[in-house]
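I've put the structures underneath this note.
Shared between the two complexes below is chain A, which has chain B as its partner in the first and chain C in the second.
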Partner chain A sequence: MNELVFFINNVVIAGSVSGSIYAIGAVGVTLIFSIMRFAHFAHGDMMTFGAFMVLLLATAFPAAGDAFGVPSALVLLPLAMALTALLAVGIDKAFYKPLRAHGVKPIVLVIGSLGVTLMLQGLIRLFAGTSGQSLYIDDRKEIFRLALPFEGARAPVVITEPQLYLFVITLVAVIGLHVFLSRSRLGKAMRAMSDNPDLAQASGINTNTIVAVTWVIAGGLAAIAGTLLSLDVTFKPDLSFFLLLPIFAAAIVGGVGHPFGAVAGGFVVGFAETLAVFNWSVLLRPFRDSLPSWLLESGNLAFVGTEYKIVVPFFILVVILVWRPTGIFKGKVI
Partner chain B sequence: MAAIIDVQHVHKAFGGLKVINDCSIQVEQGSITGLIGPNGAGKSTLFNIIAGALPLDSGRVLLDGEEITNRPANELFHKGLLRTFQIAHEFSQMTALENLMMVPPAQAGETLFNAWFKPSLVGKEEAEVRRRALEVIDFIGLHHVRNELAGNLSGGQKKLLELGRTMMTDARVVLLDEIAAGVNRTLLGDLVTNIERLNREMGYTFLVIEHDMDMIARLCEPVIVLAQGSVMVEGSIEEIQNNPQVIEAYFGAAS
Partner chain C sequence: METKRADTVAAQSRFPLREVLLFAAVLLAVLAVYAAMGPAYSTRMLVEAACYAILALGLTIQWGYAGQFNAGVMGFVALGGFCAMFFSFPINPDFWESELPGELGLALLYMIAAVLVVFGATRLDRIGVPKKLRTLLAVILGLVLYLVVVNAFRGVTDQIESRAGFVGGLGLPVGVGWVVGGALAGGVGYFIGRVCLGLRSDYLAIATLGIAEIIKAFLKNSDWLTRGTATVSPLPWPVPGPAEVGFTLARALYLSVTAVMIAAIFFLLSRAYHAPWGRMIRAIRDNEISAAAMGKDINKRRLEIFVLGCILMGIGGAALASFNSMFDPQGYLPLNHTFLVLVMVILGGPGNNLGTIFGAVAVYIIWIMSAPMALYLMDLAMALGAGLGWETPTNMDSRALQARVFVIGLLITLVLRYAPKGLLPEKVRHHG
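Take a look at the complex of A and B:
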């Protein structure tokens, strides 16, 4: 039974954590793509920016969460989301909108977003320094140990407080987005614009508003993902570096332009990464009598070493694109 | 009768190519005005300028006396100026009925607050829009395909859907860009009937670009002939058909 607990801790929980982060990030990337038709490379840095805003706010108001009994960072997250949304709209106005107004090809916008990446990274480093910092300023990170009600399960299932928040907030964000896109007039207008921008405008939809709304949603989600990841580990200025590639892989795997595809893609990539670096020898130990001895000799039976974790999303990407070129869900339109 | 659309001395060039050259046209309130001319005469460009899809170089466009020069298409929509596209546009991933239901402006669901916290209000308005969309889809004869994805409809059905779109809101002027192209004769008859009914019963003014002379003859009065970016002649279809200048523009000097 301890092997099962080991599996839950190292695969189910760890995979859900990366899956949730990738899912929230990929939803933003995919929404931006479906409305503006370009791959937004600065998305990872918008996440870092969101987490950085939380760090600043939590440093300024370390007691903000006391009244609610939750970490200050969580209470200040909505404010950071608003600031990140503002940044996203501002970046669009300053850098992308002039390019769009000139009717440039999407690739120019992609290169532009690379420039924005470098700029944001520089700015964040300038103010936050280069070292890692905890978002838990005055609070203690709770760790929950749940004993399984089985014979022989001595090791508990371990889940941390920020991981719980992550799961809850991911669920709320995905459901909220679904309601927004399927029920509200604005959400339907977004779907319409992703389908046919000219017709959307000729049908009275203000495309500038839709673009702004898209940035607000993408910025807010980016702040959520960045903050929850930083809460779980630590805040680092180069956070986005390790996030950007899996997030793009997730968005493409799910079918670009399809928000629920992005969620599915995020979990596919998250679990694939976790399973690839998981040490199977522990799980196989109870069956060692029936297995050839060379299999378990080394004691480390992972598909790839942890240091190669970052290649896994690309492997998944290639496999899925060969099997289903438009992604798991058919992409392009919300 | 007053001119509902008044285009005054419009110029438009693409690079060195002057497409619209000091063009002035008036569309009378309540008329079905035809706009014809040989290929390259600037009909579609003029249309796009009126509809807010293209910026003009100089000149003015008035809608019922109000200046609408270079206003974006979505603003014109809310002022009652609607257009269809030469190549039928549709929201391909929505059903025919949903396409129509996209159109009506100012539904309660527009605010996030209502969408999330007052679903019953949104539901009520949506039911009303749905009722109207069902009426329209009956009117344009697409009831049997209402739940098909619009992307899967035939070219002619998409054109009908375009016309239906203009009926979902209280339009004042509708610009029809080659609505008959690619539509079979039977459907065409329906289209013409529907346009006439909308004009008569709902008071729509139409400006129609068309290559199909039968349709122009049946529908339009007056007809404006555009050549080389400006107005050549304007008059009834009989006058146009017997005008030597027009014959020359269409068939060349040889005739």
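Take a look at the complex of A and C:
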């Protein structure tokens, strides 16, 4: 039974954690892709920026969470989301809007977003240094150990406090987004614009508002993803570059322009990563008597080492681009 | 009705004032660096700028000629550098005199056999196996054989690491490594291009960004092949080294080698640009649909130009690694080897080879000089801050260098906004 617990800890929980992070990130990317038709490379750094804002605020008000009994980082998250959304809208006004007004090809916007990535990275590193920092300023990270009610399961299932928050907030964010996109006027207008921008404009939708709303949502979600990731591990200024590929892979797997596809894609990529680095010989150990010995001798049956984790999203990306470039849910933008 | 708009007429024998002025400015800057830093340092800077110019030429044909954006120049540069190391580094007798080469060869044979078996399984439908069963079989075979091959390799590579250190080089002339480096980079480019070039241009950027990180991760973690973070040095030079003829002369000789390479590449690219092939490439870039309507095979031409660009990047990367005389996989950074090259191309003028070379040299000089400049400015700010009672963090030096990241990013966005065609725009001839 211990092997099963090991599997739950290392695959189910770890996969859900990275899957949730990728899902929230990919939703933002896919929304931007469907409204503005370009791959937004600065998304990873918007996440870092959100986490950095939380770090700053939590350092300034370390006691903010005491009244609610939660870490202050979580209480200050809405403020950081607002700041990140503001940054996203500002970046759009300053850098992307002029390019769009010139009528450039989408790929030029991609290059522009790479420029923005570098600027954000430079600024964050300038102020935050290059080392990792914990977002838990005064609070203690709770770790829950759940013992399984089975005979022989000595090792507990381990889940930490930020991981629980992550699952809850992901769920709330996805449901909230669904309600917004399907019920509210603005959400419907967004969907109309992603279907056909010219037609949307002709039918009286203010495209500038829609673009701004998209940036607000994308910025807020990016702040959530960045903060929760940094809560779970630590805040690192160079977090973003390793997030970019899985997030894009998730968005493309789910079908670009398809928010729920992006959520599904995020979990596909997250679980694929953890399954690929999981050492399968652990699960074979209970059956060691009935299996040929050469299978167990090597002792390491992981598909890729952890140092090659980045190969997994790339592999998924290549497979999906070859096999079905529109993604599993048939995205609108190819 | 012979009113000709100014931009539809080819300005025939215009005196190239802009080119002359810009290159004079670069020459002045180079002379200033020579005066300030001494000849050995400055020649080193010029050689590196020349290597970067080769990279930039590779990117300019991808971005400028064909409108493909490669966000993973670093990966191709690293591949070139690896080949330069692997082919030119002296032979490691510890490895070759043991039985390890045989075992490594056996593992390689396993790999080839596994690839052939899986490939065969994907073709099973030709002999009547249902397609779904074929796919299932191929996937399962692929997974199992992959695990077998990986385990075989793991055993051999662990042995190599513990007994011989690493594989070592092949001790061949430096030029061989450069050529193979170009070929290998081209091969990887072919793979990426096949996957992405028929799709939206954004996907190519994402995929190249990913492959660059993967190549770097592979080179960094394959200690048996590259000695990983321990780095490999010294790599031999194609010309007499500093130990024989002194720093300045040796670097000047190296500079002449790279200059000859640039001249050759420049000449060939100009010929290709003005040839029917180049016209076709530009026609595809400017209007894909009409080019397709003319019967041009768009995806094939795109693939050609992408692979060509990658080959140039591989060669440039090989020349750079040989010159640094060290192969350090960790030294390959997206900032230094992707974005710097991008700035060179878009600032100099995408699609204009002369502009690209100008951009490469000018940006590289600014880049090299910006490190001491940033530190100086930071010192100044710290002195000011100390006067105002501001407590300065301790690791200010490393942070000052981060400011350069910001400047590169700002430069990219500003150039795209205000000078999208670069300082020396591509001269498009219209016959009006």
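Please note the rule applied: the second predicted complex is superposed on the first by the 329 of 334 C-alpha atoms of A that agree within 3 Å, B and C clash if a C-alpha of one lies under 4 Å from a C-alpha of the other, contacts with A are read in each partner's own complex, and residues count from 1 in each chain.
Everything below uses one rule, namely that a residue touches a chain if its C-beta (ideal position, glycine included) is under 8 Å from a C-beta of that chain, and two chains touch if they have at least 3 such contacts.
In this text, all values refer to a predicted model and were calculated from it rather than measured experimentally.
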item: First (chain B), second (chain C), both or neither touched by A:R125; value: second
item: First, second, both or neither for A:N206, with chain B first and chain C second; value: first
item: Of chain C and chain B, partner touching more chain A residues; value: C
item: Touching partner for A:F7 - first (chain B), second (chain C), both, neither; value: neither
item: First, second, both or neither for A:F167, with chain B first and chain C second; value: neither
item: Which of chain B and chain C A:R185 touches, first, second, both or neither; value: first
item: Which superposed partner A:F314 touches (first chain B, second chain C, both, neither); value: second
item: Where chain A meets both chain C and chain B, residue numbers; value: 333
item: Touching residues (chain side chain C, partner chain A) in the complex; value: 67, 69, 71, 143, 146-147, 150-151, 154-155, 195-196, 199-203, 205-207, 209-211, 213-214, 217-218, 220-221, 334-335, 339, 342, 346, 393, 395, 398-399, 402-413, 416-417, 420
item: Of all residues in chain A, those that touch chain B in their complex; value: 176, 179-180, 183-189, 191-192, 195-196, 198-207, 333
item: Complex contacts: residues of chain B adjacent to chain A; value: 51, 53, 72-75, 77-78, 82-83, 85, 89-94, 102-103, 105, 107-110, 112, 114-116, 119, 122, 165, 169
item: Contact footprint of chain C on chain A as seen in their complex; value: 33, 38-39, 41, 95, 98-99, 102, 104-108, 110-112, 114-123, 125-126, 129-130, 241-242, 244-245, 248, 252, 298, 300-301, 303, 305, 307-308, 310-311, 313-314, 317-318, 321-322, 325, 333-334
